[in-house]
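Naming follows writing order (A, B, C and D), and every chain is counted from residue 1.
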Amino acid sequence: MAMADLGVDLCGLRLRNPTMLASGVLDETAGTMVEVARAGAGAVVTKSVGRSPREGHANPCVVELEVGLLNAMGLPNPGIEYFSEEVKAVKREGVTVVGSVIGGSEDELAEVAALMAAAGADAVELNLSCPHAKGLGTEIGSTPEDVERVCRRVRDVVKVPLFAKLTPNTSSISNLAKAAERGGADAVVAINTLKGMAISPEAGMPVLANRFGGLSGPAIRPVGVRCVYEIYDAVEIPIMGVGGISTGRDALEYIMAGASAVQVGTAVWTRGPAVFKSICEDVSRFMDEYGYSKVGDMVGVAHGTRP
Amino acid sequence: MAPGLRMVRVAEHRDESRSVKTMRFQGRMEARPGQFVMVWVPGVDEFPMSLSHTGERFGITYQVLGDGTKALSKLTEGDVVGIRGPFGRGFSEAGKRLLVVAGGVGIAPTAPLVEAATKAGKEVHLVLGAKSAEELVFEKRCAESGARVHVSTDDGSKGYAGFATGLASSLLEKDAFDAVYTCGPERMITTMMGICKERRLPMQASVERIMKCGIGVCDSCALDGKHVCTDGPVFGLDELERFKELGKTRLDRTGRKTGI
Amino acid sequence: MAMADLGVDLCGLRLRNPTMLASGVLDETAGTMVEVARAGAGAVVTKSVGRSPREGHANPCVVELEVGLLNAMGLPNPGIEYFSEEVKAVKREGVTVVGSVIGGSEDELAEVAALMAAAGADAVELNLSCPHAKGLGTEIGSTPEDVERVCRRVRDVVKVPLFAKLTPNTSSISNLAKAAERGGADAVVAINTLKGMAISPEAGMPVLANRFGGLSGPAIRPVGVRCVYEIYDAVEIPIMGVGGISTGRDALEYIMAGASAVQVGTAVWTRGPAVFKSICEDVSRFMDEYGYSKVGDMVGVAHGTRP
Amino acid sequence: MAPGLRMVRVAEHRDESRSVKTMRFQGRMEARPGQFVMVWVPGVDEFPMSLSHTGERFGITYQVLGDGTKALSKLTEGDVVGIRGPFGRGFSEAGKRLLVVAGGVGIAPTAPLVEAATKAGKEVHLVLGAKSAEELVFEKRCAESGARVHVSTDDGSKGYAGFATGLASSLLEKDAFDAVYTCGPERMITTMMGICKERRLPMQASVERIMKCGIGVCDSCALDGKHVCTDGPVFGLDELERFKELGKTRLDRTGRKTGI
């Protein structure tokens, strides 16, 4: 009976396992984030938070599909001032927290990121990739130039590890990743949701109040795995894989494509917060069976570059 | 991962009182009493509504409040709305003598409970509270199901004059009950919690919070780490007591706690 | 009992219904194309054919997923000279045929397109969007400049309607569509597959021999519908919607997003060629119930511009 | 839409003859006789193989030919291969007295047929043909199942000297059969078609074409508008006769018809 070590070192952060709660799913309040960490997540990424409170888009803001979820929450958040207290409350419980931030300009992002770090976040994740909020997310992260400039600006003011979360709605996500690396990001996170839409023929209109939304869940896993694989060939910094992970095998696909850790969002809907524990158990069993002793030994092996 | 949205036609739309209406839909929906659906009025809004009728021609009973329910109130037979659900955990019946306390439109999720419990051979007493006599909803329906209906009105225009909690309290005084079920304004719930705790009576209450996703991903309905949409909307007394926010604060649409 | 008219006029082609067989699925041989047309497709688009024969990628070239199909066929085709006979054989059976063509340069594409038209194809579809064949597909259709130049070049030599099939692996498919329109295309087809990958953790490598493949099926429908919706706002020429259509409701999503006709590929795997008939029956039933008499009356209604 | 690829470990790997091997896998696969799987040797190739063993420890029996089967032949117990399937329509048994004609590795899909038919109480005669005595596969297995096994070898080293079709013909001459089943080289199939047509005997044959997808999308296995992977690999006499290409041409990997 071997015993695989699930621990992961990520830019100096020590995670007890490679799973993290993805930004935007059950992470707007401290109480919930603590519950999810207790259920097994190695770390939690907060809801993306900006300078001022935002209500987000009107309802309907989710469409449940057989292949995943389409959402247009519209980045609702209480603003960084209020949210700092939530971050502190989560930290008090000993949970590793990555603070996700949004902003309409690099200065705004830098300001929010600094406050997020000051509140005690163990790392800051820049959401450069939300596909459905005007002036935020993708709109400031769609070109390599933008990504590099924003990362550099935030890097200046933030000492904790800096993650750049990238959009797959591009012709080359590896160019975005290279830009993030040049800008000083310590790691990249891929992928955010794919821009999508669902229409109700009976109503003759898009279902989401915002019309456009972001597709997540099993549908996007092949795209996410491909993105991580491409990025792994393009940069030296670590990658966090996200998109459609709900089982250990899914997580392993990302890890072997090149991800040092994974994030899980939509599967919390289908499998509940217990999904983290279940993924870890699957991964651990696989490692025992296939003779891997550390998660790090599996990272990127699908490139034929087994270390 | 079931495809969630179901487009259904309105089968019937009826006034229950001046501001409360019942809308029935074509088709079936099986659900436990206390479960809810998200109702989409195309082009307007989507919001949570308890099922006041389950099975064939399932339906909701709602108070006309703001833009969403106003738009809903204009729909007529044959119009199409979107339904997601049923969601959440419903009431779970325990014991033989039940006291159900419903305030205002809180009768929507409790009426199916009353019907299910009487059908299961239980003795059900219902305290039906409203502002005034004209606002009483489902009095006849619940009486016909075999429940003992005790009416209370704030203005005394019918039955007991005062809050439903007052009438409930005096019933509990007189008679022994095995469990209490309640739905209504949050103050009513917290009052009933005090009464039931004192008497060591099991109690369940249906709670409301802002709902966006309805499926446990967005955190907008969070209540001290639990979620009204998936862990609730019905909670037991133990859980209710653990909620520090109950009766005090709720999240607004940005996720900030605001006073109730 | 109303009787909806499923007929569609598309750039002068009269289709008995709005469904077409998508390129690359059961359309490499005349016999099969005729069978699919008999099963109910309003038209068939041929396998993408180039100047010289191609074997395509080695096996494995498909991965069956719960949410769709990942393929890297690698554009196998017998070459236009040989294939002209197949086109003629299909035409002899009275089937409406759209000839899909590939090429490594605009001159090669023009040459093949001209031969395809000469063989009797009712229209020519330019595959500017295959995500997994070196030097072909996306590689010559990823920028608006490329798309415009290629369309213009082919337009010069082809009289029959010209369709440009676009890639969703871009930050703006509507810019590609506008370029196709400027280049003289009579219609655009959206979408081709999303670039994806599947990894076998047990084998520690990508499953496809080509590593990368194209994701199709239900997984990509929300992306396809979104693309058609965006394109409808950007161009005047008709749009053919494709991606994850397997029911009448799916087809209606595309039509209401702005598609004048739809193409079906992967659903032929899950539902067989009978899928065309079933989609048409669903659409017809819907039209009767919701009071539409012509397919054209539904095109684009989700934009709130009910004609 | 079932997830297709299943990674399984080799449970056993055995020589059947100089160039034919049987590989059994850990786990189960239910399938009808005549169905096939796509076998992925990671890093090398994926190709179609009939199931020579179904149920628990399912397996394949294959001839070592080119790169793919050579790589397969090197694998040992515990190694992992990928399996998709089972695919296609298998044989359907009809009648009481069956004649099965297997040439070479054509015994792979027909051995489970022989076993199933004898188990169902049918009288099964098997003509087992090979180049020479050492190349005979599953003779004992089929005999043990209760079938009458008639051996033919091209070089006359065992049994009837000549082609399996010759032996089959003389058996049909002597005895009455209800149906004929065959798998082997395409010339063998066309010869058996002639014989069965003359005798107005129902017949089914398993056919081979280049397979890429295995699931009916790529058209590489097309045979006059039908597909070997989904409509076959087993076809009945009527269908076989409609195939103008049978015995004459097949598609190469580019989709061009080439002589057989």
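The rule is simple: contacts are C-beta pairs under 8 Å (C-beta built on N, C-alpha and C of every residue); 3 or more make two chains touch, one makes a residue touch a chain.
Please read all numbers here as calculations on a predicted model, not as lab measurements.
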Contact-connected components, chain A excluded, all else fixed in place: B | C, D
{"item": "Centroid comparison with chain D (C-alpha atoms), farthest chain", "value": "B"}
{"item": "Distance between chain centroids, defined by C-alpha means - chain B, chain C (Å)", "value": "50"}
{"item": "Centroid distance [mean C-alpha coordinates] between chain D and chain C, Å", "value": "37"}
{"item": "Centre-to-centre distance between chain C and chain A (centres being mean Cα positions), rounded to whole Å", "value": "33"}
{"item": "Chain D: positions in contact with at least two other chains", "value": "none"}
{"item": "Touching two or more other chains - residues of chain C", "value": "65-68, 198, 202, 204-205, 218"}
{"item": "Touch-based graph of the chains, sorted into line, ring, star, complete or other", "value": "line"}
{"item": "Contacting chain pairs - touch in the sense defined above", "value": "A-B, A-C, C-D"}
{"item": "Contact set on chain A toward chain B in their complex", "value": "24-29, 31-32, 34-35, 47, 53-56, 58-69, 71, 73, 76-79, 82-83, 198, 200, 202-203, 205, 207, 209, 217-218, 265-266, 268-270, 272"}
{"item": "Complex contacts: residues of chain A adjacent to chain C", "value": "65-68, 70, 142, 169-171, 194-199, 201-202, 204-206, 211-213, 215, 218-223, 225-226, 229, 249, 252-253, 256-257, 286, 290, 301-302, 304, 306"}
{"item": "Chain C-facing residues of chain D, complex", "value": "1-5, 7, 38, 40, 42-43, 45-47, 80, 82, 84, 212-220, 222, 224-227, 230, 251-256"}
